[in-house]
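By letter and in written order, the chains are A, B, C, D and E; residue numbering begins at 1 in each of them.
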Amino acid sequence: MITLSHYLMASGLLFSLGLAGVMLRRNIIIILMCLEMMLSAVNLSIVAFSRYSIVHGHQNYDAQVLVFFIITVAAAEIAVGLAIIVALFRSRQTTHSEDLNSMKF
Amino acid sequence: MSPLLFLIFLPFVAIILILCGAPARLTSLLTTGLNFLLSLFLCYHYNLVLGGWQYLQETKIVPKIGLNFTLGADGLSLTLLLLTGLVSFTAICVTPKMERSPNLFYCCLLIITAGLAGAFSSLDTFFLYGFHEIALIPVFIMIGIWGSGDRQAAAWKATLYLGADSLIVLLGIIALYLSAPTSFRSFDFRVMAELSQNEISHPASWIYLLLLAGFGTLVSLFPFHSWAPSTYSSAPAPTAMLHAGVLKKFGLYGLIRLALPIFPVAVGKFSMLLLILLICNIIYIGYVTIAQRRLDWTIAYSSVMHMGTIFLGLVAFNMLSLSGAALLMFGHGLSIAVLFALCGALRARTETLTYDELGGLAQLLPKASLLFGFGTMASVGLPGFTNFAGEILIFFGATATVIINQGSKILIIAIIAALWGVVISAIYMLRAYRSVFFGPIFQAERWTNIKDLSLKEFAPVTLLLVVLLITGIFPQLILNLVNTAFR
Amino acid sequence: MNPLFLELTVVLLGIALLMVEAFFPKLCKKRLAFVGMGGLFFVLLLTWLPMSSVSIESAPFYTIDNVALFFKRFMIVTTILTLLMSLDYIPVIERGIPGERLGAGVGEFFILPIFACASLMWLVSAVSFILLFVSLECMTVVLYISISYLRKDPKSLEAGTKYLILSALTTGFLIYGISWIFGVTGTTSIAHLAESIVLLPASSMTPLLFGTGLILVALCFKIAAFPFQFWLPDVYQGAPTPITAFLSIASKAAGFVLLLRFLEQLYLIPTLGKKVFAITTLLAIVTLLFGNLAAMAQTNMKRLLAYSSIAHTGYILMAVASIGAALAVPAIGFYLVAYLAMTSLAFIVLMIVTETSGGDEIYCFQGLHERSPLLAAAMTVAMISLAGLPFSAGFFGKFFIFQVAFQQGHYGLLAVATLSVVAGIYYYLKVVKAMYWKQPSETCTPITLSKLTTVLISALIAVIIILGIYPTPILMSLQ
Amino acid sequence: MQLTLFWIFSSLMIAFGLGVVTLRSPISCAMCLVSSFICLAAVFITLDAFFIAIVQVLVAAGAVMVLFLFIIMLLNLQAEECRRVKLGVMLGGAVVVLSFMVLLSETLESSPQFSKMMPPITASSQDVSMIGMTLFHSFNLPFQIVGVLLLVATVGVVLLSRRTLR
Amino acid sequence: MNLLTSQLSVLVWVIYLAPLVAAASILCITQRNKIAAASLAITAAVISCLASWVIFLKGTDFVVSGIKWIDFGEALTISIGMMVDPLTRMMLVVVTTIATIVFIYSIGYMREESGYARFFAGLAFFLFSMLGIVLADNFIMLFISWELVGFSSYLLIMHFFEKESAADAGKQAFIVNRIGDFGLFIGILLLWYATGSISFSSINQSLPLFGTNSVFLALSLVFIFCGTIGKSAQFPLHIWLPNSMEGPTPVSSLLHAATMVAAGVYMLARIFPLLSFSPGAREVILWIGAITTLGAALLGTQQNDFKRVLAYSTISQLGYMVTAVGVATTAAVPIFHLFTHAFFKCLLFLTSGSVMVSMHHELDIWKMGGLRKRMPITFIAFVCGMLALAGCPFFSGSFSKDLIMKFAFEQNKIVFWMIVIAAGLTAFYITRVCIVAFFGAARTEHARTAPESPLVMTIPLILLSIPAIFSGYPWITRYFILPLGSLELPKETPAYVEWIFILFFLIGTLAAITLYRNASQDPITIPLLAKRFYIDDFYDWCVKQIQGAFANAMAFVDRWVIDGFIVQGIASVTWSVGFILRFLQVGNLQAYTLFLGGGVIGMIVLLMRIH
C-alpha cells in the first residue's frame, strides 16, 4: 500500500527538481516555471498530509483551502512576474539572468 | 530646577540662536562666558560644610529599568565644571577667524561644551556616558575641516578608537547595572556604589577591567594611547584645548566615580597591572615624547604622559592621592589648554612646528614666548602652578599607601618612575621651548611679517595662566571643594 | 470597534483612490497622495479607539494584542512617510515610466503602498500560517510591482526581477515549511503551535525541525539576515527610493513581527527553544559581521544603506536571540521605531541629493553642508542615529538591545556587536565626512527645499532626538 | 488500483518535471510543465482531493500555462542560446539539491508517522461543499485578502506590461 | 628695640614678599621703564636687607605661623611656614646684603644690555625664592623655593637667549637641577615615610623613629643629598655650573657663586642633627665633596675663560663645604666656609664683571693683560678676593678652610690630602688668572684701552672687599657663626696641619707666578683638564647616543608597532575582510539562488544537528 512517505517523497522530488531548475536555469521564464513547479510540489505534500490526517472522519479541509490559496497566489505571482519579464524584455531584449548584472558588490 | 540644567542647555540654546542667524562668535562667547561665571558661582555657592551632592534634580526617563536623568554636583564635579567653563570660554576666545563655515565651528565647540557640562553633572551613568560621547562627531568634523597635518587619518583614528572605547564603557556600565539584584537595579552611580558597599551585588572583576580599559583609553592609558598624539597634533587649537584639557579628564572622572568606589577588591587585585601600565605611560611615553621633533606632537605626547601621574593618584586610592589627582586634572587641563592655544597661534603664524625650522621666535613674539614659558613651567610642574601641588599630593598619597601596604615594591617603583617623569617632562618641554623660541632666529627672512599675539589671543591665555597661578598658590581653594567627594 | 475595520478602511481607501485615478485621470496626483495620507492618518487616529475582541470567524487567524496594534501604527506611519517621500519623487517617476503624457502612472505609485499597508496590518496581526502566507504574499506582490515601477530604468527592472525570483523561491520554502509543520502538528495556527508540539512524540522532532528551518529561511529572507540577504543591496539600489525606504522599514518590521510570533512559540518548547536560540545567535553574529564589514568599502549611498539595513537586522536579531529578557520585545519595537525615523530621514536626504546632483554615490554628498546646511544636518543626525551615538533614537535602541543581550549572557555576540558598531561608525561617518570635509564640486548649486520637505525633515530630526532622550512612550506601548 | 495510479502518475510527473529543468526550448519546457501538472492532478485524485485536482488543471495547467505560452510567443523567445555552462554552478546546484533530498529522506525515515497507511474516509461529505464551507465561513478573512491580492496584481500587470501608460 | 614676636613675624613676611612684589610689579607694570624696574628691585632688596638686619640684631628665635598651603589635617599639612633661628638670621643677612650690593652693581653692569627690566624682575624673583629657602621651616616649602630658585636661575642664565650657548646653558642648568631634585624629593618622601613629618624641627628630633634601621636613614639622607649635588654642583652633576656662566655676571656672582649654589649646603646644615647620626650618609657626602673639591680645582687650572675659572673654583669651594658637612661635628663648620666664600666669591665675580664690561665682553684671559694699571680699583678688589679664595693667611678664606682641613685630618687622611692638594691648586689657578689678566703687557687693543668701571660698579667692589678680608676673624664669627655651634675641634690637631696648608698655598702661588709671568700663551696644556675630564663630552654622548637612541627606539615602537602594526593593523584587517565579503554580492541572480539554497541546507542541517 501507499504510505504517506511515498507522497511526500514524490512531492519532495518535484520540489527538488524545481529548486534545481531555479538554481541551474538561466532563462527567467523557465525559472518562473520551476518556481511554479515547486509550489505545486508543496501542494501535493499538503494534500497528502491532509488526506492522512483524518479529522471528524474526513480529510482536513483547512489544508485543502490552503492549497486553493496557494494556487491562486501562485497564479497572481506568475502573472506579475511575467509582466515584469515583458517589461524587462522590452527594455533589455533579454530574459537571461546573467544579463542582469548592472548592480553588484 | 537645578542650575546645572542651564549649564547644559545654554549651549544648545546658543546653537539654535546661531542657526537662526545670531552672530556666532559673540553668541558663543557670551554663552560660554555665562557658563563659566555660572560654574564659578556654583562652586562658590556650594555648601562645603554640608558636602555631598547638591543642586540635585531628578527626571524619570525609563522608570522601569531605573533610568533617570539625575543632575547633581559635588566638589569634584564642580571643579571639573569650572574647568569646562574656563577652557571652553578661552577656546572660543582664541578661535581664529576662519574662511570655511565659521558657524559650524562654533556650533561644534558648543556641542562639546554642553556635552562636557552634562557629563560632569549627571549622576546617572547612562547620561554620564551619553553626554561625553556627544563630542565624538563634532571633533571628527572639526579635525577634518580645520585640522592640520594628516588630519583625515587623525580624525578617523580618533573617532573610531574612541567610538570603540566608549562602547566598552557602555558594556561595562550595562554589566555593572545588571550585576545588581533585579529589584535594586539603577543607573544612578550613587546607588551602584552603595550596593557594592552593602555587598548585595557581586561585581566581578572583569567589569572593572572593562571599565578600566574603556575609561583608560579615553585617558590614553598605555597601550591604548595611540589615538591621542595624532588627534591633538592635528586638531585645531580650540578643539585640542577642549579635548586634551577637559574631555580627556572624563575618563578619570569615570574611574573615580565608577570603577574605584564600586570595585575596591578588584582595584586591589589589579593594581599591579595598572601600576605597570602607568609606569609605561610615564617612562615609555616620556621617552617617546623626547624623540618628537615637532612642537604639537611633543605637547600631545606630553599630555599622554602626564596621565600616568594622575593614574598613580588613582591607584594609590587614598584621600591625599585622589585629591592630588583631582587637582592635577584641573591643573593639567588648564596648562595643556594654554600650550595648545599657543601652539595653534604659532602654527597660524609660522605654518610649521618642526623644531629644525624654528628658533629664536622670542625676539619676534615676546608675548607668545612669555606665555609659552609660563605654560611650559606649569606643565613641568613648577611650584606656584596647580600641577605642582597636584603632583606633590599624589606623591605623598602614594607614599602613604606604601606605608599601609607595607612597602609594595611595584608601587615604590611607580612613585620613582613618576618622579623621574618630572625630570623627563622638563627635558622635552624645555627643549621644545628652547628650540622654538630661543637661540638665533632661524631663517630670519621668512618672518618679516610675523605679528605677536593679539589681545584676543593674549587675554584668554593669560586668564588660564592666572587661574593656574591662583589655584597653584592657594590649592586649598580647589582642595576644599574636591575633598567633599573623597571624604 | 472591530479591529478588522482598520484594514478594511485602508483597503477601501485604496480602492477609492484607484477609482478616482481611473475616472479622473487629469486630477493632480499630489492631491491623490494627500488624500491617501489623510485617510491613513485618519486610520492611525482610529487605532487609539478601544478595540473589541475580534469576531469568532476570524479568531484563529487574527489577534489584536499590543504588539499587533503597535506595529499597525508603525506600518501606517511608514506608509505615510513613504507617500510624503514620493511627493518629492514625482519628477523621477514621470521620467521613469513610458507615459503618453506627463503624470501617467504616477497615481498608482501612491496607491500601491496603501494596499501594502493594509496587508502589512493584517500581517502583524497574523497568528495563523494561512493569514501569514496570504497577507505576506499580498505585500510581496505590491513590492514586486513597486520595485520595478520605473520601467525605463533598467536598474529598477533588474531589481524587480531579482526580488521576484528570490522572493518567490523563499515563498516556496515558506509554504513547504508550513506544510511540514501542518503535517506534523496538524495545525496551521501559530498561536497554538506550542500546545500542539508538546503533545507530539519525540520522533516527530526531525520533521518539525525540517519545517521550522524552512520557515525560518523565509522569515530570515524578509528581514535579510545573512546568508539570506543577497537580494537586498541590489534591490535597494535599483528600487525607487521611497519604495526602498518602505522595503527597508515596513517589510523588515513585518518580518520581525512574524519571527517573534513564531519563535515565541518555539521557545516554549525547551529542546526546540535551545536549538532555535543557538541558530538565532549564530545568525545575529554572521549578519552583524557581514552587514557591517561589507558596508565599510561601499561607495554607493543606497548600497551603503542596504548593507546598513543588513547590519541593523543583526542588531535586532541580537534582541530576538535574547527574547527571554523582559525588555526584549519592547527593545525590538523601539529599535524598529528608531530605525523607521532614521532610515526614512536618510532616504529622504538621499533622494533629494540624488535628484539635485544626479547620482547616489557618496561623493555626490560632497560639500552638502555648503549647499544646504539643513540637509547636511539631517543626514548627520540620521547617520549618528544609525551609528548609535547618543542622544539619538538609534543609541537607545542599541542600548536596550545590548542590555537584553547582556542579561541573557550573550557575551560573544556582544563582542561581535562591539566590533560591528565601530565598523558602523566608520561607514556612517564616511557620509558625514563627505558632507562636511569636502568642498562641493563647481557644478553643484545650493539646494532649495520645499516647505513641506523642510517641515518633514525637521520633524524627523526632532523625533530622532526626542526618542534619544525620552524613549518611554514607545516602550510603554509595547509592555 | 490506487497504488498503480500513484506510481504511474507520480513517475510521469517527475519525468516531466525533469523535462522542465533540462529542456532547452521554453516552449518544450512549458509543455512539460503542463503535463507535469496534469499528472499532479491525477495524483491529487488518488488522494481523494477532487476539487483541488480540478482547480489544479484549471488554474495551473490551464490559465497559467496559457499565460506562459502567450508570453513566450509574445516575446518570440527561441531556444536558449548556448552559453558556457558554469561547472561550479552545476556542482553547487547539484550539491544543494542532493543534500536537500538527503535531508528530506532522513526526515521521512526518522518518524514512524510517515509510514502509516492511508486511513479510510468515514464521513460522507461532499468535497466541494466542504471546501466552500471552509473557504467562505472560517477562511473568510484570507479569502478577502486574496481578493485584494488579485486586485493589486491586476493593477500591477496593467502598469508593467502596457507599452505606454495613459 | 622692643619688637614683639608678632611684629617680627610681619617683618619676616616683609622680607620674604618684598622682592616678589617687586618682581610681579616689574613683570606686569613697568616692563618698558628701565629706571622704574631697577629702582623697584633695589628698593625691595634694600627693604629686605634692612629688615633682615633688624631681625639679626634682635636675635630671637621664633616661628612664623604660616598659611596652610595644603591642609589635610592629620594626614598631611603643608604650610608656608617660616622660622627664624641663628642659621636663618645669618643667611638672611648674607643673602640680602650681597643681593643688595649685586643689585646696585647691576645698574652699572646692565646699562648697555637688552632686557633690563626682565633682568631685574628675574633678580628680584630670585631673591624671593632664595629667601624662601632660607626661611623655610619645612621640607616642602624648601622644595618649592628650591625649584623656584632653579627656575629663576634658568631665567637669568638665559638672559641673552638669542645666543645658542646661553639658551642651551639655561636648559641644561634646569634639567640637571631637576635630576638632583628627583633625588631630593625621594629623600623627602622617605623621611616622611619614616617620620610622618616634613618640618625640620620634628625631623631632626625623630631619630628614635628610625630605631636601628640605620640603612634606611642613610638612604634617605643620601637621597636628600642628591638635591645638594644638583643645586651645589657636586660631582657628577657639576657640569651645569660652568656653563651657567653664560648668564650676565651679576647673576653668576649672586646665584652661581654666593647664594643659590650654597643652598645645598644650607639644606644639609638644616638637617645636620639627623645627619650626624648617620655615618654612612656622611661617608658618601664626604667622598663626593672631596672628589668635587679636587676635580674642580684641577679643572680650574686649565680654563682660559675668566668666569669659568671662577666657576670651577666655586665648585671646588662648594666641595669644601660639602666635605665639611661630612667631617665636621657641627653645622657651623660648613656654614662658616659658606659665609666667607659668599663674600669673596661674589667679589671675584663682580671684578670679573667689571673687567668684562671694560673689555667689551671679552673673557679670554689671554686677550687681557696689564689691566692692573687700567683698572686699579678692580685690581685691588680682585686681589682681596683672590687671597681670600686661595687661603692666604689673615684673609677670610683661610680661617674657614683651615678649619675644614683640620676636621678632615681628624676624620680621613686621604680626604685630607685631597683637599690640601686642592687648596694648593686653588692658589695656583687663581694666581694664574691674576698674573695673566692683570700683569704683564696688554695683549689686545681692548685690554690696552680698558677703562675703569663707573662708581656704581666699583663701590660694590670696595664694599665687598671688606668682608672678603675680615669675615673670617673671630670677632665677626662670634656674631654670625658661633650661634650655630662650636667651631672647636674635638681634640687638638697637630700644629703642622696648619703649616701644610700654608705650604701648599705658597707652592701654588709661586708656581703660578713662575709659570705665567710674562707668558703670552699657556705654557702647559693638559688636554684632559682642558677638556674637563671629558665629562661634558661623556654626558653629551649619553644624551645623544643613549637617551636619544632609546627615545628613538621607543618612538619607533610607538609609531610602527603599537600604532602602526596593532591599531592600524586591526583596522585594515577589518576593512579588508569587509572588502572581501562584499564580493559575495556578485550581482548574479543564479549565484544568489545558489547561496540561498546553500543557506537553506545550512539552516536545516544546523537545526537538526545542534544540541
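Rule of thumb we're sticking to: a contact is a pair of C-beta atoms (placed from the backbone, for glycine too) under 8 Å apart; a residue touches a chain by one contact, two chains touch by 3 or more.
In this text, all values refer to a predicted model and were calculated from it rather than measured experimentally.
Following the contact convention of this document, A, C is the list of chains adjacent to both subunit D and subunit E. The minimum number of touch steps linking subunit A to subunit B comes to 2.
Counting only chains that touch, the fewest steps needed to get from subunit B to subunit E is 1. Among the inter-chain contacts, the highest number of C-beta pairs connects A-D.
For subunit B, the chain whose average C-alpha position is most distant is D.
Centroid distances built from C-alpha atoms place E farthest away from subunit C.
Centroids of subunit B and subunit C (each the mean of its C-alpha atoms) stand 42 Å apart. Inter-chain spacing, taken between the CA centroids of subunit A and subunit C, is 26 Å.
Taking each chain's centre as the average of its CA atoms, subunit B and subunit D sit 70 Å apart.
Distance between chain centres (mean CA atoms), subunit A to subunit E: 97 Å. In subunit C, the residues that touch at least two other chains are 130, 134, 137, 141, 144-145, 148, 151, 161-162, 165, 169, 180, 206, 210, 233-234.
In subunit E, 582, 585, 587, 589-591, 593-594, 597-598, 600, 604, 608 are the positions where the chain touches two or more neighbouring chains simultaneously.
Shared interface positions of subunit B, i.e. residues touching 2 or more other chains, are given as 160. Per the contact rule defined earlier, chains pair up in contact as A-C, A-D, A-E, B-C, B-E, C-D, C-E, D-E.
Partner subunit A is touched in their complex by these residues of subunit E: 582-583, 585-590, 593-594, 597. The touching residues of subunit D, when paired with subunit C in their complex, are 103-104, 106-108, 110-114, 137-142, 145-146, 148-149, 151-153, 155-156, 159-160, 163-166. Listing the residues of subunit A that touch subunit E in their complex gives 19, 22-24, 26, 28, 97-98, 100-105. Contact residues of subunit E toward subunit C in the complex are 574-575, 577-579, 581-582, 584-585, 587, 589, 591-593, 595-596, 598-600, 602-604, 606-608, 610-611.
Those residues of subunit A that touch subunit D in the shared complex are 1-10, 12-14, 16-21, 23-27, 29-30, 32-34, 36-37, 40, 43-44, 47-48, 50-52, 54, 56-59, 61-62, 64-65, 67-69, 71-80, 82-87, 89-90, 95-96, 98.
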